[in-house]
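In what follows, subunit A forms one complex with subunit B and a second complex with subunit C.
Up next is the complex of A and B:
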């Protein structure tokens, strides 16, 4: 752990710190939440104050509590979707190399999926499937694996032709032996892909919620942004400062931080 | 220098002259007037340019721009959308035998009318000297033709199924025979059916595709000048020969406001009236003296529908318990920001003429609701917090239109409090309407307009022999059914005696309140705002324009109102 930390650049350290903060907020946020996120008993449209740190929305939800609960949903979405699509993509990439016969088929399938922008497919499915959390995550996993597949495959295929893998296969090592050899070279790529997918998943979720798809009552950041933009007097008083901005900043920071972690080379 | 002045005066006078002809006496006299004006201008060489300019200013074209709601189709009878705003736009061009003004129903294209003793024959004396905007005179033939044509080509806004025959007595008298009495005939049929000019429509076989310019010719206060379907803009110019008075404006533009924010458009002067402004935006304009805010009647209703195939939903006591669990006042406040009135168990809105104040009401009371549910046999035997009825979990999907999340959230929490789980599922408006009319839902709510006026709208709960009533989005699948209700409804539909009919309608409401075929959640209040320094005199028509259209822009406003801008 210490070794990884020392390898990171200053920027990466900050970003990693923010990521850890997001995790902590997701794990322990609800303990500090002054109101349950679905409690609407407070007066509507209060400005920020001591009781309601970020005021209330038109129905009387405490906005601060909704932003806090957003951490949990967002983390849940982004981690499960990323885990799902990265596992699926990597497993398929490995399978396509290890079993060249089906490999070609999978490769073509991935090309087809890559041609169509995945957000369109996800929107399409979300519009017709029952709007539950699980369905949203499943559709994200199902339509975003090809990207992972492509990158993982090119990396793994380079490893496949390396001497140690070739040797393992030559001496009759089984699939697990090959995986063990590959893992050593593969995991940095997979880690990067995981972060990429995690940040994508948040963008997807926010987009879906913004279009009114997905579970209509789940208090995610996307929903919060949507309801803030639907509020009519948005531009007349300064409501947007505490209604729209916090959720917006949370999404933008999360996506930005993950992108920096993926693309910043660090000190090598 | 002097030549310049004269020239300026000359031009100004010419412009002024064209203005006069524009709003004055019609195209025929145009040449004469302008020649006269030129002569006058030449004579009065001394008139200063400034003075003439002022004259021109006074006669500036009066263009009134109001916000619309996008494209409703070509403004002819069969091509415009059969919804409230579509009908209102149509009414600027087409006229009816009767109409409603600020005080109520008035004879309009008809000068006078009489009803026979048995309520089956209506005789209308038509106004003389009325002509269509293409110059052809309007006669009884056109009225007869319209009824015949609409029998052949049904018109979605008004049903003429109760009309047996329309016959011409003389050039200005027409007699309508009904096959059975229909109480709201004067307001809902004679007051809503747009009269078609026979000479234009007699050869039209496919009215749904008839969008030639002459399809928009009739007797109304306005003439179609331009219709831009892409922009959703209707430009109408005043009919100078309008029979009901002088139209106070020259041009009416119904435009889609940029950005869809009618308050912003009103403040910036892009529009002079916002008939579809949101309640909150309207309330925020209330204190500025140059804006008038009108709060209208609640002519739309939001209902919660039950699927009667669900065993538990078919139990009256469970429906009653659910109504007890709903906080109707909170719905108005939290879900709609105060823009309405809480629902009433008898379905008819409190404060309206047909309301029965003695019907059973269901006060918000979670304990009573729980007690009623357990008495009805629902109990939580497996301890998961959700009740079971006859071994089935009381967990239902709640289908609703996507922008109604607030009400959905409230309902979910109300039902959770008594042990019923609702799984919210939102979709677009058309999908929800289709799901309800096909019975393809478990619980659903949506909002319907055109709710008010004559209580024929209670026909939605009658399952037998309720034809002739306007078709509202009905519920499909297995529905609630009551023989007693059907009997009373069908009696009330033909009852001539007002007191007796009131009695029957009261009984119907008692049955609804007791049985709760659906839960009446909320009546939406219409609200509008306009800039009174441009045009003043808008009003909400009692019971709405035609069949409960809740807009402030009754066409007669443009005759009775005042142009205020310079």
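Up next is the complex of A and C:
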């Protein structure tokens, strides 16, 4: 752990710190939540104040509590979807190399999925399936693995043709021996892909909620943004400043932080 | 005893090997020389099973070996050990020496193949490294790495060692170390060695036989001592001339 930390650049350290804060907020946020997120007994449209830190919406929900609960649901969404699509993509990438016969088939399938923009497919499925949390995550996993598959496959195939893996196969090593050899070269890419997919999943979730296709009962950031935009007197009295901005900043910061962690070169 | 019968292989219509035949007796060492791109490595790979011949047979102790390693039995795979040209790419550099040798031991034990302990194998090829079992592979020199690779190949008690230009990436000292080890193994462990090279050093009589592969065929197959006088093919003569030219300098 200490070793990883010392390799990060200053910018990456800041981003990693923000990430840790997000995790803590997701884990312990509800303890500090002053109101239950679905409690609408407060007066409507209060500006930020001492009781309601970020004010209330037109229904009388406390916005601070909703943003806090958004941490938990949005993080859960993004991490589950990222874990799912990265595992599926990586396993298929390995299978396509280890079993060349089915490899071509998987490759063609991935190409078909890549040609159609995945957000369209996810929107399409989410529109017809029941809007539950599980369905949304499953459709995200199912339609975003091809990207992971392609990147993981190109990395693994370079290692696969290397002599060290050839040696393992020549002495009769089985699949696990090969995976042990590939792991050294594969895990940095897989870690990177995981972060890319996590930030992408937040974008998907927010987009779905924006189109009104997410789970209507979950208080995610996407839903908060949607209901802010739904409110007709949105620009009156600077309501948007405390209604829309907090959730939006949370989403943008999360996506940006993960992207910087992935693309900043770090200390060389 | 290794027997190669009429092995043919072509890449995109271009024939690389056209009915190659030779035999290698138990405990014998054969030097396979030939021009660059002449099919030496292809032949070595066909024997160890990483490439499939278009036609022809590879027999080990009279038993026909199937085309690729995936179809061969673990015993057949263990009998033939291949030493790669580039020792740096043949091992995982972030692993320790113990992990590297342990991999071979683990796979062999799983297949129920009797093997020699890794320390004993290492003692045969690089005794000075016995104290460095927990050092990372990246800390060793090229010559040391290549001798570690040979130690790894000895663990399953192979019948045949194939070395594919295994000294071409090394400096002179590393090359001498590796050749000494191979020579000693042949004497002491009675293992057959098929060594693929691109030039021949006639100054030290280390090998039993020399075969020359040219134009996809074995054009010369002579005992080492008689090669200088009796080699008749123009390519063999050129090999001798170039070798003598450099040794005189």
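Odds and ends about this structure:
In this section, the second predicted complex is superposed on the first by the 268 of 268 C-alpha atoms of A that agree within 3 Å, B and C clash if a C-alpha of one lies under 4 Å from a C-alpha of the other, contacts with A are read in each partner's own complex, and residues count from 1 in each chain.
Rule of thumb we're sticking to: contacts are C-beta pairs under 8 Å (C-beta built on N, C-alpha and C of every residue); 3 or more make two chains touch, one makes a residue touch a chain.
It should be emphasised that the depicted structure is a prediction, and the values quoted were computed from it without experimental measurement.
When both complexes are overlaid on subunit A, subunit B and subunit C end up sitting side by side without clashing.
Within the superposed three-chain model, A:181 lies in touch with subunit C and out of touch with subunit B [touch as defined at top].
Within the superposed three-chain model, A:216 lies in touch with subunit B and out of touch with subunit C [touch as defined at top]. After overlaying the two complexes on the shared chain, residue contacts for A:167 are found with subunit C alone; subunit B is out of touch.
Contacts of A:238 after superposition on the shared chain: neither subunit B nor subunit C is touched. Once you line the two complexes up on chain A, you'll see the smallest CA to CA distance from subunit B to subunit C is 51 Å. Subunit C meets subunit A in the complex at residues 48-50, 69-70, 72, 74, 77-78, 81-82, 84, 86, 89-92, 94-95, 103-104, 106-108, 110-111, 156. Those residues of subunit A lying in contact with subunit B across their complex are 38, 40, 44, 58-60, 130-132, 212, 215-217, 227, 230, 232-233, 235-236. In the complex of the two chains, the subunit A residues touching subunit C come out as 162-164, 166-174, 177, 180-181, 184. By the touch criterion stated above, subunit B contacts subunit A in their complex at residues 261, 263-264, 278, 280-281, 284, 333-335, 337, 397, 402-403, 405-406, 408-410, 412-413, 423-426.
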